[in-house]
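Multiple structures follow.
Shared chain: subunit A. Partners: subunit B in the first complex, subunit C in the second.
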Partner chain A sequence: MSRPTSIRFLFAAVALLATTLPVTAASGASRPPQKLTVYAVPATVQFMNHADDRLRGMSANPFNLKADAVIIRTNGKEKGNGPFPGDDILYAFKLFADAKRAKPIGTAMFTCYYGFQKRATCESYFDLARGILLASGQVPFGASRFTLGVTGGTHAYLGALGQVDSRPASGNAQRFDLHMTGLAR
Partner chain B sequence: MSRRPAAALAALAVVAIAVTTAVPVAPAATQGRSLVLYAKPARAEFVNHNDDRERGILKNPFGSDYLPTPPSANSAKKGARAGDNALFSLKLYSDRNLTRHVGTAIYSCTFNFAREAICDGHFQLRDGAMFAMGPANLGSGNLVLPVIGGTGRYSGAHGQLSSTWSSTKKTVQVIRFRLL
Partner chain C sequence: MSLRGGAASPNQHVAPSCRSVRSRGRRAALLVAVLGLVSASVLAAGAGAAQSRALTLYSVATGLQYINTEDDRARGKVNNPLDSAANELWPKSSGTGSGPFAGDIAVYSIKLFSNPTLNRPAGSGVYTCYFNYDRHAFCRAYYKLGTGGTLVASGPIDFKSSGFAIPVTGGTKTYLGVRGQVDAAAAKRNAQRLDFKLLR
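Entry: the complex of A and B
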């Protein structure tokens, strides 16, 4: 085989293979970034007080902890009302498309697990007509302004990444700006 | 260039392209980047946090701002109330006859309201793991969860999975991964 012939054969083989391979989900082919603003009103809340589990965990645990390091109690009682490490709280929200809350567009759920310094790690999902959007991140107790990372989505939000910015809105509402990137075509 | 080196180079190029564009899933890859697994439940554990729930209603950091949980939100007859946990382990197979065992899965779920839960799914396969998270109605057994990451061969996995009961074997879940 001559050199030009071998090169032509090589390119032909490469071209043939390239045309027969499946397009693998058009990696990198995503829709332009999208922003969706929703207004959330709390619908249901459940706080889980794990005081008994903390107390049990002080005496029976798999670590070699010094009691002083884990004790957050005075006179046999915990100081204040927490939230303490291990507590968790569940929030259900109704979502609206506008600040006047005229048009309901879905629901949201936050499940937050408290760690230290009254900071919670929250896992949330926004259940919208076109799919689920998932976000998680840290939220200090009582904070109304926080940011979560978008970690995924389903259906119209398949492949979603980005972030959720939260700030207070009028009344008892919370505004969430959903910034989405990486959405599949 | 002689005939053999040219042929070898062409073959090498073909292999290189095949390797670099290969679909990164192993068993039962169907089309594009999808993966179908068959899951058979192995174990389950339910953790009833009724005492923590009752204590949380009486003693919480919200004071008078606390929005009480409506009784209807926790009216499930068989438990599964807000804050309870459920753990499920499953054996994963690559074929519908459950002969080729390819890994295990575990779901860790925290119930919220109306018997819905947020579930964290971990799928351990021979060549890596995938992680998914999202809401699930555990009463129906059908769910669609975002896939949010992975390890090994599935490092950076992103997409969604859908899980439904098999039409032929009612105790088997058919899990379809769609990865981007």
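Entry: the complex of A and C
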């Protein structure tokens, strides 16, 4: 190899090194994305009916709204069983590592606060042996397919972001795919 | 010897000592280039990397408001949109004993201090805790610091235990974009020690 060629080769190698180094070093800051699949079986379900609070809120509130206007806007004639805005449901789950539910790995709790059109903002936490994982998002009442955003975690899940995909599994179970990014080393 | 730049003619004779000096010069230049690029790369990588930061505070509760939702629980048991299968999962121990019970809410206000003797005020905070079962609650917390900025955390807390660990989910100003964890443990003078591990 001639000298100019070897120098060009060296510079090319240096340039290549320079472009790859940031990626290599940056990946040292957080672990690669992880996926954990858990199977959830409902343990308890509890509904909180806030009908009295809604009624009280129509006549006594700090927003200068007429009760009729509020009822029309919310279409909240309280016919049927809701859930109506302000109601909440607590779902407790047992978590298993496999679809056959032979290996318990923790618990999960969903607290769903309802707004309009029977849609809730649900806050959940997955209490696993290696730490806590938080997720929240919108879930329509009765839906088994939904996606939540992962908002944080502790211990092995420190710094976690990501998403939780939910879909039905066999035997009244729910499958949660926990996709985690940004996990600290 | 010409002082002008440009390559010497192939036929131009170059003394061995002069060739050696040029070669060393090229190597030195190459070494400088390599070091420069590597340094720049490492600095660039460091700028994008998550940085860990620790912060310790001490909190003292200054106020508590308890919201008893007993009527909402009772109404929800008989008037709800759940199907029969879900209604069978109604918790059997719900509503007995002294509570707190599912759906109840506790709001705590706290003062923050930067030292364990609690004489250096560092800010204030609020915990809003929504109870579920067995004296567990999902708590949302914010810590408003006197130095500017707020830290936000949320997660489950076992009220049977004196300590807890919940994720830090964000912050403002000085703490913009942080994530992490806060570990709470009992401290002297009826205070709680809060160890924040923050990642940016």
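As a convention for this text, the second predicted complex is superposed on the first by the 151 of 185 C-alpha atoms of A that agree within 3 Å, B and C clash if a C-alpha of one lies under 4 Å from a C-alpha of the other, contacts with A are read in each partner's own complex, and residues count from 1 in each chain.
Keep this in mind: contacts are C-beta pairs under 8 Å (C-beta built on N, C-alpha and C of every residue); 3 or more make two chains touch, one makes a residue touch a chain.
A quick note: this is a predicted structure, and the numbers were derived from the prediction, not measured.
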item: Touched partner set for A:125, first subunit B, second subunit C, both or neither; value: both
item: A:59 touches, of subunit B and subunit C: first, second, both or neither?; value: neither
item: Touched partner set for A:117, first subunit B, second subunit C, both or neither; value: neither
item: Partner chain(s) touched by A:184 [first = subunit B, second = subunit C, both, neither]; value: both
item: Touching partner for A:151 - first (subunit B), second (subunit C), both, neither; value: both
item: Where subunit A meets both subunit C and subunit B, residue numbers; value: 10, 14, 17-18, 21-25, 42, 44-53, 80-83, 87-88, 90, 92, 109, 111, 118, 123, 125, 127, 132, 134, 141, 151-155, 157-161, 182, 184
item: Subunit A-facing residues of subunit B, complex; value: 1-3, 5-7, 9-10, 13-14, 17-18, 21, 23, 31-33, 49, 51-53, 55-63, 66-70, 73-74, 82-83, 110, 112-113, 116, 118, 120, 132-135, 144-149, 158-160, 178-180
item: Sites on subunit A touched by subunit C in the complex; value: 7, 10-11, 14-15, 17-19, 21-26, 28-30, 42-53, 80-83, 87-90, 92, 109, 111, 118, 123, 125, 127, 132, 134, 141, 151-155, 157-161, 172, 182, 184
item: Of all residues in subunit C, those that touch subunit A in their complex; value: 26, 30, 33-34, 37-38, 40-42, 44-46, 48-50, 52, 69, 71-73, 75-77, 79-82, 85-87, 89-91, 94, 102-103, 130, 132-133, 136, 138, 153-156, 165-169, 179-181, 197, 199
item: Interfacial residue positions of subunit A with respect to subunit B in the complex; value: 1, 3, 5-6, 9-10, 13-14, 17-18, 21-25, 27, 42, 44-53, 80-83, 87-88, 90, 92, 109, 111, 118, 123, 125, 127, 132, 134, 141, 151-155, 157-161, 182, 184
